[in-house]
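Multiple structures are listed underneath, in structure tokens.
One chain, chain A, links the two complexes that follow: it is found with chain B in the first and with chain C in the second.
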Partner chain A sequence: MAAEARARRLALRPGLALPALAFLLMLGAIIAAEPRVASYFGLTVLLGFAMPAIFAALAQMAVIAAGDIDLGIGPFLSLVNCIAATWLTDRPAAGLAALAGLVALYAAMGALIHARALPAIVVTLGASFVWLGLAILVLPTPGGAAPAWLAAVAAWRPPLLPLPLLVGLLAGAAAEWLLMRGAYGVVLRGIGGNPRAVARGGWSLLRARMSLYAAAGLAGVLGGLALTGLDTSGDATVGGQYTLVSIAAVIVGGGEFTGGVVSPAGAVLGAFIMLLTGSLLSFLDVSTDWQLSAQGGILILVLAARALRRRGRA
Partner chain B sequence: MNPQPAEAFARLEGVAKSFGAVRALAGVDLAVPPGRMLGLVGHNGAGKSTLMQILAGALAPDRGSIRIAGRDETRGWDVRRAHGLGVRCVFQELSLCPNLTVAENARIMHPALSGWGWRRRARALMRAALDALFPGHGIDPDRQVGSLPVGQRQMVETARAFSETDTAVRLVILDEPTSSLDAAAAANLLAYTERARARGIACVFISHRLHEILGHADEVVVLRDGQVASASPAAGLSEAALVERMGEVRGEEEPGATAATSRSGARRLSRPARASLGERFGIDVRAGEVVGLSGLAGHGQREFLLAAFAAAGHGGRAAHGEGAVAVHGSAAHVSGDRQNDGIFPLWSIGRNTTIGLIRRLARAGILPLRAEAALAARWREALSIRAPDIETPILSLSGGNQQKVLVARAFATEADLILFDDPLRGVDVGTKRELYHHVRAAAAAGRAFLWYTTENAELVHCDRVYVFARGVVTDQIPRAELTEERVIRASFATPADLSRHGG
Partner chain C sequence: MMRWAERRPWVWSFLAAGLVWALTSASVGGQGAFASLAVALEFATFAVIVGLGQMLVITAGPGNIDLSIPGVMTLAAYLATGLAKGTDGGLAAGLAAGLAVGLAAGLFNLLLIQGLAIPPMVGTLAAGFIFQSMAIAYSRHSHAKPAPALVGFVNAHLLGLPLVTLVFVGVSALVAQMLRRTVFGRSLLAIGQNRRAARLAGLAVGATVGLVYVLAGLCSALAGILLAANSGGAALNMGSDYLLSSIAVVVLGGTAIAGGQAVPAGLWGAAALLDLIVTMLNVLHVGAGLRYVVTGLIIIAVLALARGRAP
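On to the complex of A and B.
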């Protein structure tokens, strides 16, 4: 009975099977083209840059769960990257304080959007220029160096599972636990579905939205740190592409643009899928210049397929 | 003023509330004794929903006091406090999150559902509540609410209001709880409220179905213009008496008294009988006529209206071949589903009225704003839409007045044929009577109406009624021969019956 209910709940989760299948197919295609990928070391190299994408996708998912969208997460990763490659190395306490301040700024952004009933798409777009400007102020030209401990973490080779897969598993499980299983997570998703119903349940919408934005800020900081650990230096423009990647990952993973329909596990899978499009193209001898087009194409395909399926059901 | 002053579980005194310039409540006293059901009736816009939102803690009153279980709770009265004291509300527009499951929606209302195993407890809670209210409901607590039909959503919301975790339910407000339930579920709910009352739970019951109020409430309070017009025991009241107390009923002449138009006007719509479907009646609408469409809901009336709209050249594909609808002249369509098919929620009353006319009003692509405003003001006046001015946002109006705006929009297009898709669903009696009056007046001026209604009582306003069953017209009833029994018989007719009776 309980097992059956659990199986049904999993089946009900918005299209988790599809991104899982897509991920495995893409991985299979790459392994077929280059069998050496199918090793601990091969997977570590192939999937390494999935780590910032995973955190960016989870940050985006937290915002989309509130029924909003975050157009500033990419430049935010850049800003974290610049802070991590300078202050965090030179003055760790100031660096940590700055990163904590960034999380607080994200929560404040959520509060502003709620209190003034502003469209999140505009606020986060404006914020993206603020993040970029701050990043350039912190580090005008690419350079700096990641703290040694951060580079060491990014280069860590855990037993059994390659680091990117381990990070994806842990981050995805944590987000699933908090948002999908946890009692307060239900309230958080509820504000994306029907905020008035949540308010009539006696919950503070302000607190809920701030919690989601703070979670997004935290995930963004982790993503920026992962990026710094991999790059071992700072660059104020390095994160730009992650805005598109994070939105695409959430949608490909089964999330919806509106209505609070999200899937943390799906977002993690979506981040891997977005990363693999680039690798798949290079293994197929297609110029990686096409990577952005391919990622955008996948997004359109997924949305079109979903619209068709919905029409078939109606 | 109150018959049982000492006993009331909830007591509102002098409660007033305004939304901008619109005064919704002008000092209302209300007492709800434990174990009793208070019926609350009134026009749309009389203040029922506002009053109940205040009682439920979802709105703060401008003035007045709230006493619960003998204690003054006016200060700090909000939804949380109301829940804590056992006051629950089933809101008219459902308060469920469509992206969450039934059990997760229980969690939204019950802060106590948290910690280890809360899902299991939430599931059991909702299953038990649904079983108690709606035996045989067939709703899985793990289903996403958005995937449930609207009737089942209403069941979930109602059951959730009666479910208990750490606090006992003392008072449940039911705002139009039966509007989207089928007859069996509505009967289940009303029977359950009797059992709940026996346990000392008080209910406030709002419905436009007066017979439900009279049949189940202990006491009936009539609201009019934000004030209590009368409060008296339900026993001994009649529907007519309630309607009278709701007041403000204009144009109350007996509908049958209007001179029946002869079928001599210009033909506006025609559809020949489709012999291959066993149909014996073609449909024919002439200028100056009000023609009704009846039958059980979902038996092809709506599709026919849309086909007629398409035939008048408004989008969609006009059908050809057997049974094709022919429309002569222009047509306008008024939907009863105003939220989805009718209003532009961000626009003013004026723009909502004139949107159908923009092309004709425009001069060289520019809209003369003064002419547009004058037109909107004229129709607001003509249909007595209750709003300070036409610049008021449409969402500030009550549901009935919003519906009037949609009717005004159709009238303003000066279309020859007006297609009504059950436009008065959920509208109060007073507004309905006013609109009947306007329809008759417009018909007398030469318009034609094709009017689909789910309320048989409205058919008496029609010159002729076509009854649909399974997409086929099974009877054509002139007004003189109209009886409810004949409508019902035709509604349940099958093609086999038709050929047998028709010979």
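On to the complex of A and C.
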């Protein structure tokens, strides 16, 4: 019974049916063009690079839940990628400490934004330069090598479900459980929706924002590791595209920029959709030059449709 | 002194720029001090041009920001050089096309923000990526050099100072006067301070904010065209540093990030400060990585401190 109620609540969540339908339609279109995709191996290859996008989207979602936006998540993935391809391979202890330090820096960024009431958009944009600079300092020219265990994880072929789908399922379920089911999840979403009510309830807004930013940092680290496992090397500029992809994934997945309205399951679906835009373009023989346009265009379409629907209702 | 400076928020950026310049000059024994200042001012000019547009947008109040700057700069630069085909005869067509990109970009942003009620930060971000991918597609067919006359203009000097710098010091002064004396300028400041009150007072809120985004698009396009002429042609990554620069010079220059108060003069101090810091780090033989880190940290630090002073 509980499972059924949960399933119904998930299905009724505003906006989740639409991205699910869009994902299946896009996948169907690609399979129609290239039937070989519809196999365990085909899906593994097609959806492989969804893994970093999923974690980037969940990181962005944590920040958007706080009513903020993160313009630095792409370069942050690059930085994790560079650390993972150098220190984590040569000196695992130092590498792990550096990655833990990055999560702490994200929490500190949340604390700073809260304490000084700073516009997150400017702080994270400034931070994006810090991440980029650190990435160049760690790895001035593309190279390095992923730790063998990380490459092995990325190349693992689990039974039944292709790895990207399994990762999406697990990461989405974990984020759902933490943010949508847990008691503290309500508090976390509350600081984006109604911070005064949360504060009146006796919860620390500072701690809540720090938790969300730490979660974003952790998801960013996982995303960077996933990227490293797939690429098996490091590059200080490899993550740049993930800023737009992550924002678009959250919004396409049903998230809103105000009010702490987010959907972890939707963000995961959104990440898959954003990844498939690239594949769909190449199957339609459109140059990948236009991929940015397609992703930006989808973001605009979804937001415009939502605004028009709201206007119709009012 | 403190009270005098409080009413002139641009003072701090000039003081900081002067300090960095003096330190750098002293560390090399005063050699080439004025030449390095002229070079810093020349590069600062491009940040000031995009900064002028960003300043007007930010002044329109909370939530208003233009993140399409890199895409607009790049597309305008490619079309301007592509249509001019490296000749002075094509310069007029190139300039017109480049500025048309700016105008169209401003109108497109406006459509997203006011017509479709999309938050400015996402609308302009997505629009910027669309312009960027247009530039990527166009760049496959065009490798033109900038028109010689335009190159001559951006490299010309007057009294030891770059001519573009002098021209845009004049433009900044005009913008300052516009903010102080015209209906548009005063409406913009009022809207930035309290949008609701401005609307209730009967100000043309939609038209004023709309004009601001169009002006910002034109500023980005102009900066892209001039930068391409300055660096021998357009490049796909030419705009990437200018998104942060545009916001940085606004914040460091003393303009209120919450809107309602603009300080055009501060853009110059801030842009000079950022470029002189780069000069200093170059003199110290610091690599690109540390330069990015320092730039990012300065912006975050100044933002945090400035917020502490003003309520």
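Please note the rule applied: the second predicted complex is superposed on the first by the 302 of 314 C-alpha atoms of A that agree within 3 Å, B and C clash if a C-alpha of one lies under 4 Å from a C-alpha of the other, contacts with A are read in each partner's own complex, and residues count from 1 in each chain.
Definition applied: a contact is a pair of C-beta atoms (placed from the backbone, for glycine too) under 8 Å apart; a residue touches a chain by one contact, two chains touch by 3 or more.
On a predicted model such as this, the values are computed, not experimentally measured, just so you know.
By the touch criterion defined above, A:Ala199 lies against chain B but remains apart from chain C after alignment on the C-alpha atoms of chain A. In the superposed model, more residues of chain A are touched by C than by the other of chain B and chain C. In the overlay built on the shared chain, the residue A:Arg157 is in contact with neither chain B nor chain C. In the overlay built on the shared chain, the residue A:Gly190 is in contact with chain B alone; chain C does not reach it.
Common to the chain B-facing and chain C-facing surfaces of chain A is no residue whatsoever.
Chain B contributes residues 56, 58, 78-80, 83, 89, 91, 94-100, 104-105, 107-109, 111, 113-115, 118-119, 142-144, 146 to its touches with chain A in the complex.
In the complex of the two chains, the chain C residues touching chain A come out as 65, 67, 112, 116-119, 121-123, 125-130, 132-134, 136-137, 140, 243-244, 247-248, 251, 257, 287-297, 299-300, 303-304, 307-308. By the touch criterion stated above, chain A contacts chain C in their complex at residues 69, 71, 112, 116-119, 121-123, 125-130, 132-137, 140, 244, 247-248, 251, 257, 287, 289-293, 295-297, 299-300, 303-304, 307-308, 310-311. The touching residues of chain A, counted against chain B in their complex, run 5, 8-9, 12, 181, 183-184, 186-187, 189-190, 192-194, 196-203, 259-261.
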